[in-house]
Structures are given as structure tokens and as C-alpha cells.
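Presented below are the structures under discussion, each in the form of C-alpha cells.
Two complexes are shown next, each including subunit A; its partner changes from subunit B in the first to subunit C in the second.
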Partner chain A sequence: MGDIGWVAGISKKDAGRYSRQLLVNDFGVTGQKNLKSSRVLIVGAGGLGCPVAIYLGAAGVGCLGIVDYDYVSLDNLHRQVAYKETQVGQSKAESLAENIKSQNNDVDVTVHTVSLDSSNAVEIFKNYNIVCDCTDNVATRYLINDVCVLLNIPLVSGSALRWDGQLSVYHYGPDCPCYRCLFPKPPDPSTVTNCNEGGVLGPIVGTIGSMQALEVMKIAANVTSTLAGKLLLFDGREGKSRTIKLRKRDPNCAVCGDNPTITAPIDYVLFCGAGAHDKTENLKLLDPCDRVNVEEYRDIRGNQKQFLLDTRPPVEFEIAHLPEAINITLDECRSLPSDQISSRLGINSSVNDAYVICHRGNDSQRAVLLLREKLNSIRFRDIIGGYEEWAQKINDQFPLY
Partner chain B sequence: MSNTIPVTIDFSGGAEFLVKAKAQKVQIPADSTLRDVLKFVRDNLVTDVNRINMLLNDDASEVAHGVITLINDTDTGLLSEYDTVIEAGDTITFVSTLHGG
Partner chain C sequence: MISIKVLFFGEAFQLVGKREESVEFPVETDYDEIKKTVLEKYPSLSKIESVMMLAVDQEYANPGDRFELERFTEIAVIPPLSGG
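Let's turn to the complex of A and B:
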């Protein structure tokens, strides 16, 4: 029993805990030690942020930061699988931190319960050496990109919608493009669909978020085959994924180019023409006299059966609708000739009034504008706030989504 | 019939809602460039003309902001961009970028 010397690359505790990933070629002890000394910031504690945080915490990242100002809601739980029912109503960032700590108490977790913007991003980001974009809106994606370039931090960016996911690593290596090299100008806000409107399946964000965590581990371990300069497209419906080669860094890029014009964060809400969140805006397209509130409509329909046009997509109509509602989508309001619209609604020339409803009261206003042109003998009015308002004020049993 | 070549045009990330099918095999005029393909898509494939601004700009001279074009899974930014000449059998992909998470 005289032999008491050995050479260890890693502590006994860590060797035991992380043994299965220590055994993986090209990761090994060096990868584990690098991961332990990494400081990773996760922006957005939603469907992507949950798996990123849980996997990186479990893998033994030294320090994890989580940025999110939002609270856990019931309609998050199908995809934001790190949260429990008991955490509904609580801070996402704090709940996620608690869940990471209960899984691996060695991880140092810092919570930033703020809405990330130009005034606070640099101060937060400078404490980290890898950033994960797990956000849900265009304005924040540009902000994160620019701050990562300004502070020279690699960015692991994931996104998802419906059945599809996308993943890339930006600003990692001299030839690697940044988000702005690919998209110098933001999309027209009217063409952007978010998860609130388009929906998303849990395993889609789960897949992309898990792969984001993997990219972080590869960057930390200095594995060269990252998704830098590539874009992974995942089509969950077809079960297909492909990785495409992206253009190189643009020397004329406004932020990472040779003569950058952006040297500090700009006003991203102004730049994108859209807010730094994925909440739906409340439009006001109609005069107040062309709108009724839910209480008024309750009284009107109580007196007499009304003609009610429901502009939501069929999948939403199927969830629940008022019994008198006829489903004619906003697209159909645009494309169908007037006689087809009136016959589907079942109206004849003696009808003077009809109402339009949708999920939240935006599309119904757009539809009124279209229907006015097509059927000008009928006074169309929209129901302010749509079914969401109906469920809040008239019938709390109406299924909301 | 004038000289045409077979190509596949496919749509990903939401652009597929504007057309009949996610991937379509079509004949386009020989010697077409990517720029010609944009006009071909506008004139022949887009069925939801009201939302065409999700995919193309007003005169179909460029794709909308937030859309990437690929030829055989390579970003056309690595090729000759809109001047890239399309060859028989090529797959041209329109990728709308996603922002949800």
C-alpha cells in the first residue's frame, strides 16, 4: 500500500459525475475543463432557452447567465419543459435558475430579470464568453448580434416556428458571417410570424435548443466542426435536416465589416419597426363607430341571431367558436368574390348588419376594411379584442389558446 | 417548344404557404439566371399573391429581407448571387428565416 501518487486531469468528483462525456473522443478532459471555465449567457428562457440551460447545466458549464423578464404561463408548458405547473406566474429566469441548481448545484447561475435593450446589453454580455440567442423577435436578434460582434463573443443562434427550426453560429472565426452579414436589413414586420400566432411544437424547439447546447460544448471544447458559417435547417414534419454553407463575412457589413458604422448598440425597435417582444400589437384601423365591444355584442346577439364572420384559420376555429360564427378566413375575405362571401354567410339583400370576430381583434379590423369594399350595402363591425376579450369578460369557460 | 431545363424549386421556413407545394419540379427556360427564376416563381408558382411580399420585393427583382436563396444547398451569396446561371437538375431553395423561440 505504498503507492499513493497519481496524475489527475480532473477532480475525482468531476470524473465521477461527468465520466460518460469524458469518454467521448475530442471532448474528453480538456473539453470538460474548458466547459467548466466557460461563462455562457442564454438570452430568452423559453422553448429554446429551457433545453439549452438544462443541458449546459447538466454538462457542467461553470457559469450560466439567463436573461428573461417574462413570467411562466400555462400556455408555455407544452414546450418550455423545464417549468413545473407550480411555477406558473413566477419569473422564468428565476424558475429556470432554480431548476438548473436542483439538477447540478455546482453550476454558478446568474439571473438577469430585465428586458434586454441597447442600454443594458453591453453591461450584461461583457461577463460572458459564449452567447445563445433563444429569443422570439427580430429586434432582439439584431441587438444580440451587434453586441456579440462589438464584444467579440461567438453567438449560437436558434429559432423555430411550427414544424421548422433553424440553427447557426455567428461571428466565430475570421471568415464567419454575423447575422447582419446575411440580413443587412430587417424583414417587413407584417411578414414576420411569431410562435404566438403561428404556433410551434415542443420537440421542434427541444431539438434546436439541444443542438444549441451541443454547439456551445463544441465551441468550449475547441472542436472545429461547428455550425459557424453554416445554417442547419430542420424540417420536423418531413423528418429531414440539412446543413447549408453560408456566404463569408461581408467586408461591408455595418457591424462586423472592415469599416463598421455601428460601433455601439442602436435603436433596434426603430430599426426593425417592431417591438422587442413576441406579443401581438393592438391595431386601431377602424373608427370607434365601426366597432363594438364584447358586452355590446353579447346584448346584440341576445336580442336576435346575428351574422358573425370568424376570420381565424380553420385550426383555430376548430378549437372553439361562437355557435353563430361562420369561418371565412382573412385570406378568403381578400380572395373570394362578394357573392361567395354572402352565400357562405347566408345573407340576403335584406340584411344590413354583420359582425366580424378573430382571436385578438386585429385581423377582424383588416377584414372589415376588405368586406366594406366587397359588400357595401352591409355595415360590418368588428368585435374589439376578439375571442380573447370574450373569454375574459363574457364567458370565462370559452377555451383560450 | 423552346429550350427548357428541368429544375426543382423548394420553399422552407414559411415561404411554402405561398405556393401549392413545398417542392415542385418545373421546366424553366434554358440559360435562366436566379433573377429570372424570381420572376418565374412570381408568375407561375405563387398562389397567395396577397402575401407575396413575404418572399419577393415589389418587382420581383430581389427576395424579401429575411429570405435566403440557395442553389443545391449553397447560399447564392457564395455564387454569383442573382446573376448565377441555373443548370439542368439544379435545386433552387427559398428559405424564410424564422424568428420564434
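Let's turn to the complex of A and C:
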């Protein structure tokens, strides 16, 4: 035998670059080659999408697709760690693609700068063999689930809020449930909290996103112990995680059941009663005469000190508030008796007017409705658009968050 | 009756205000009775009633399932989480 021949399972370049993961039992050369031939779609380039994309790119996935219509903003950076300050204002999908390519130029990255909806999802998804749900809203979660079932693509689904995360693999194998098997009915929109309102810590999305990337690598490498049919619950505050064994596929499921009624994407905004984004809706619960705009309130308080009730949670009150504001949360407006509310506000029977403010002008309207019932001698009015509007129109030094 | 630890995840924690609490259940019970007992004790959970999963000893509970509860049985209330 000559000394210039050899049998190679993998190219010299890849062996060198990926050696540490080639050495891992049950991943190895086969896992690496499968990963290289995988086409993975990441929907949502936010807190979850960043670690998923960076880890899969670094691990040598063949083709990565990224769907996101949004732009990088400064308040994304604490958790969306793939982005740089210089990328604020730029397309998330394109910025993330750029960062993946600079980390591993061998990855083929496709960018879809669209808002995913029923009209475009099938066309985009059909080019991929694994999908990661890294989105931030219920409507898109149902859309992604349904399209994955319709095209028979396994779905690695992650979500996170505050200190908590959830992770599962849906529609992977004949017994594996889909998202709809577990949650056939969407939640009431009033019970859904998004990261804009509830907040989230970077390492929580980082943990869940990293584990999503790991599930993709396991699926690519045919490792059988995936989270298919299981739901991992991560409680970062207590440092605990639990894995729940889920139900089997529901034969009566509307999309993956034996006689499905959903055979093409439906109208998910209608189905969920909520938009396909995580932006806060502007409610109109009060008559215009029961509301004042920020300019009006500026003039009113300029003439005389006013009674201002601030309904935000204490963590938000602590960030910044107007000096006259008294913090009584929306929950307290609901639960406290009227005498306690008036004593905390410091009002007596001679007071006729009081104002209510919150972050964006939704909870303040809810509070006015409650307060009217409890203290009916006082005319409560809310401030339209809340502190966000105040910061934009009256005082641009007021801290926005 | 037996005292069983009930865990509240995500929005359920927000609504109840506690991560866990012990609740009295009949030793021999079923899915519907567990759900009814939890909702009676924590009426605020009615907001998420249609979407909350129940898990008994880390296993998804189906309507109709019967259970024999033991001292260390754990019941979890798990609504979906949608942020990211």
C-alpha cells in the first residue's frame, strides 16, 4: 500500500473545523454530514432566534433560513445578543445573516424579510426540512404549527417570558403531538403577556434558544432522545427544570388528526383574536370626554398640583414617574376597598378630579372603569398614550422602556 | 382526602401569585375533579381554563384519566407560553 491514500469520512477542512463535535459519541461524522445536508428555517430573529442561528451556523448546518420583518432596536440588545450597536435600525434577518456568515462562511444563509402569514408560509417552508419556532406571538405559533404538519416538517418550538421558558419538538414521529393537539383553542388575548409587557431576561431566552439548537442537531443526527412528545419547563428563578411527558397525537386534532379539517393555512389573526406580532394594541375603552391627551395634562398640572394615579407595576414605577404620581397598580385598583384607594391617593371629599396614567394608555383606561365604580364622586380621566406619549411629546428626557 | 403539591407555571403563577401550594384532593380522583378543585380554590385561573394543561407526576393528564393520589404526587398547571 502506498502512503498517499486514505479513507475519509469527511473533508480535511471539516474534520479540522468541527473536530470537537465529531468526537462526541452519537453525533460524530454521520451527525456532521447530516447537519451539513440539513436545511433549517428559523422563524423569528429575536431573543430565541439569535442563539439558535449562531449555534447552528457555528455547528456547520448546511442551509439556514431566517424569517423576520422587524428591525433591530436598542431595547433588543440586552437579550438579542447576536446584534451589535451599529446594527440598530437595520433588518434583523439581514443583520443576523451577516453575523452568521462572518462566524462561518460555509453556511448558506437565506433571508426572508417578510411578515410570515397564511399567504407566504407554505412557499417559504417547503424549502426546509426542520423548522424552529422562535416567534413572540400566539397567531404565528398556530400558523407555523399548521404549515409544519401540512408539509410534514418537524417543529422545534421554544418560548420564554420573564424567568420562564418552554421547549418541545412537535410533529416528529407518528405518535408525536402537534401544538394544536395540546392547545386546540387559542388563549383569550387578554391573558397573553408578551415580552414587551412582562419583560424577559437574556439568559432565559439564551438557555431555551441554545436548547432549541441542540434539538435540531439531535434531529439531524438521528439521536432518538429528542423532546418529541415531551415539554421541558425551565424555571430560571428557582434554577429548576421539569420535563413533562405529553399526550400522544390526538386522532381528533384539526390539523394532524385522522380526519383533519384544516388542510391549508387559515386566518390566524381571526382564529386567535390577536395580531401576528408582539406589539401592544391601542385599546379604546373610554369616551373621549373621559380622557385627556398629554398636552392637556401638561397644562392642567402646570396650573395646580393634580392627583395622579399610576397603575404600573412597582418595577416600572421605579424606572421613572412624574413627581405627583402615586403608585396604585391595576390589580390594587381591582382588589382594594375604596377608602384605602382614597387614603393612598391622599384625597378628601372636596376633590373632584383625578387622573390615571400607565405605560401606554391601556391599563389606565381599565383602571378608570374600576375606579369610577369605587369612588363615584370623583371624575377620573386617563392620559392618552401614557408615559410613552409623554416622553415623545412633552419631555424627551423621560426614560422610555 | 390527601394534601397534594400543586405547581403553577407561567401565566398561572402570575394569576395565583404563588409558585406552589398544597391543596386537598380525594385520594381516588379523576381529571375533571382535579380541574374543578383547582379552579374552585383559585378562581382567577378561570381566565386560562380553556388553555391550561394539567400534569400529574410530570405526565400530561387527559380528560377522563383516573388517578390514585399519593403523598408525593405533584400536580402542575401549565398554560402555553408564547413570548420569545
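Criterion: the second predicted complex is superposed on the first by the 399 of 401 C-alpha atoms of A that agree within 3 Å, B and C clash if a C-alpha of one lies under 4 Å from a C-alpha of the other, contacts with A are read in each partner's own complex, and residues count from 1 in each chain.
Please note the rule applied: contacts are C-beta pairs under 8 Å (C-beta built on N, C-alpha and C of every residue); 3 or more make two chains touch, one makes a residue touch a chain.
From a predicted model like this one, the values you see are computed outputs, not experimental measurements.
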Fit-or-clash call for subunit B and subunit C when the two complexes are aligned on subunit A: clash
Partner chain(s) touched by A:Arg334 [first = subunit B, second = subunit C, both, neither]: first
Which superposed partner A:Asp267 touches (first subunit B, second subunit C, both, neither): neither
Which of subunit B and subunit C A:Asp175 touches, first, second, both or neither: neither
Touching partner for A:Glu324 - first (subunit B), second (subunit C), both, neither: neither
Where subunit A meets both subunit C and subunit B, residue numbers: 44, 46-49, 133-138, 141, 158-161, 164-166, 182-183, 185-188, 190-195, 198, 200, 205, 231, 233, 235, 242-247, 278
Subunit C residues touching subunit A - in the complex, by the definition given at the top: 9-11, 13-14, 19, 47-48, 50-51, 53, 55, 58-60, 62, 76, 78-84
Partner subunit C, residues of subunit A touching it in the complex: 44, 46-49, 133-138, 141, 158-161, 164-166, 182-183, 185-188, 190-195, 198, 200, 205, 231, 233, 235, 238, 242-247, 278
Contact set on subunit A toward subunit B in their complex: 44, 46-49, 133-138, 141, 158-162, 164-166, 182-183, 185-188, 190-195, 198, 200, 205, 231, 233, 235, 242-248, 278, 331, 334-335
Touching residues (chain side subunit B, partner subunit A) in the complex: 12-14, 48, 50-51, 53-54, 64-66, 68, 70, 73-75, 77-78, 95, 97-101
